[in-house]
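Chains: A, B, C, D, E and F, in written order; residue numbering restarts at 1 for each.
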Amino acid sequence: MLDESWLPTLNTETPQEGFELAVKLSRLAVMVSQSCDNDRQEARSMQANDASQLIGAAHVIALNFQTIAAANDWWRHPVSDRNTQ
Amino acid sequence: MLDESWLPTLNTETPQEGFELAVKLSRLAVMVSQSCDNDRQEARSMQANDASQLIGAAHVIALNFQTIAAANDWWRHPVSDRNTQ
Amino acid sequence: MLDESWLPTLNTETPQEGFELAVKLSRLAVMVSQSCDNDRQEARSMQANDASQLIGAAHVIALNFQTIAAANDWWRHPVSDRNTQ
Amino acid sequence: MLDESWLPTLNTETPQEGFELAVKLSRLAVMVSQSCDNDRQEARSMQANDASQLIGAAHVIALNFQTIAAANDWWRHPVSDRNTQ
Amino acid sequence: MLDESWLPTLNTETPQEGFELAVKLSRLAVMVSQSCDNDRQEARSMQANDASQLIGAAHVIALNFQTIAAANDWWRHPVSDRNTQ
Amino acid sequence: MLDESWLPTLNTETPQEGFELAVKLSRLAVMVSQSCDNDRQEARSMQANDASQLIGAAHVIALNFQTIAAANDWWRHPVSDRNTQ
């Protein structure tokens, strides 16, 4: 479907990098839905033109950010801490 | 409803494989809704043509990805680690 | 509202059975909304005709699947393991 | 806003009772939104007439069911078990 | 943005109070979106007139209720219990 | 994409500050969707004009608030408590 190495981990150093990863994942999901359903190779970027679409896009980002935040244990304490609990 | 062996586990090796499984699950849910409601045997693929639908499809993928990520303990540490905690 | 014995447990043996239960729960929720709001005894099935509705239906299934997956501890390890942790 | 005693607990004996509570909570949320926004005392019931609205209503029920399922520890093991862990 | 003391805690005594707080938070979020985007000082209340909007409002309430329920450990056992686990 | 230092942490002192951060994150997500999709440098603020859009915006805020609340352990007990559990 996609080349092999685009998402090796959900870990990021900071919430900000996690947010950027959430944006990336959200765009990817839009692209995947598009290219597969329409069988077009040229994937359009997410064309969010009006307020409803922008809010919808923000919703997807927020959901992916929640996933990534959980994966990073909410950036509350280092992973090493948790492993030695 | 469907043949028996299509979802034996939610475990994947990497977040990327988890994302691909999320895409698969999302398509399956669309197909299931369709074939049962319309009683048509030929299930269409998810026809997401405009931005709102693409964003909606990305939302479903994001939700399934969250489920799969949780099932894989967010790919934070191997399952074996967790079992011996 | 409904007969007594339709949901004794959320436990399923496999993710696949969990997915099928999620589909069942989603249909049930549509039926319940319908029969009570419209006071019609003949409950229609979920009539998802266009892409937006199919995506919406897939979203509900994904949410119920997440609940059921959590209830089954994501099918990560048997319930007996967890109880003796 | 409402009389005092309508939601003393989220605990239910079975998933099925939890589902029914989720339906109740969902209707309540619709009524609360309505009566307060429109300043009408006669609260209409949730008027879900078309497929999109039925799916939307099912979505709210699914979300409340998730909350209630978590509150009941997914009906996995009795509360007493958990307290003595 | 708002006066300082409107949300000191997410803790409530009962699920019912939690639900009422969820309603409050939901209204607040609508007001905040409105006053900032439109630069109008007179914030309208959430004007949910048709079924779709009422269901949407119920969805926001359900999501905030989930957050508050989690914050209260689902009202399963007193906070003191948990702290001494 | 954005300057480096806008989200160093998800921790806030109070639920209220957490809510304000949720509002900020939600706006940011709208801005990011917009500036990247339309290639316009002048990012509009979230233009939520009608009830559906306001409810949609409130939904995004509620989801981000849930993430932030989880990151702060629901403001249930200080982080130091948790670390020494």
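The rule is simple: a residue touches a chain if its C-beta (ideal position, glycine included) is under 8 Å from a C-beta of that chain, and two chains touch if they have at least 3 such contacts.
Values in this document were obtained by computation on a predicted structure and should not be read as measured data.
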Practice problem: Would you mind naming the chains that touch subunit D and likewise touch subunit E? | Solution: none
Self-check item: Starting at subunit A, fewest touch steps before arriving at subunit E
Solution: 2
Practice problem: Taking all residue numbers used at the subunit A/subunit F interface, answer same if over half belong to both copies and different if under half do. | Solution: different
Quiz item: If you average the Cα atoms of subunit D and of subunit F to get two centres, how far apart are those centres in Å?
Solution: 26
Quiz item: What whole-Å value do you get for the distance between subunit B and subunit C if each is reduced to the mean of its CA atoms?
Solution: 15
Self-check item: subunit E, residues touching no fewer than two other chains
Solution: 46-49, 52, 56-57, 59, 63, 66, 70
Quiz item: Line, ring, star, complete or other: which one describes how these chains touch?
Solution: ring
Exercise. Under the touch definition given earlier, write down the residues of subunit C that touch subunit D in their complex.
Key: 1-2, 4-11, 25-26, 28-30, 32-34, 36-38, 46-49, 52-53, 56-57, 59-60, 63-64, 66-67, 70-71, 73, 79, 82-83, 85
Self-check item: Residue ranges of subunit D touching subunit C (in the complex, touch as defined)
Solution: 14-16, 19-20, 23, 27, 45-49, 51-52, 54-59, 61-63, 65-66, 69-70, 74-77, 81, 85
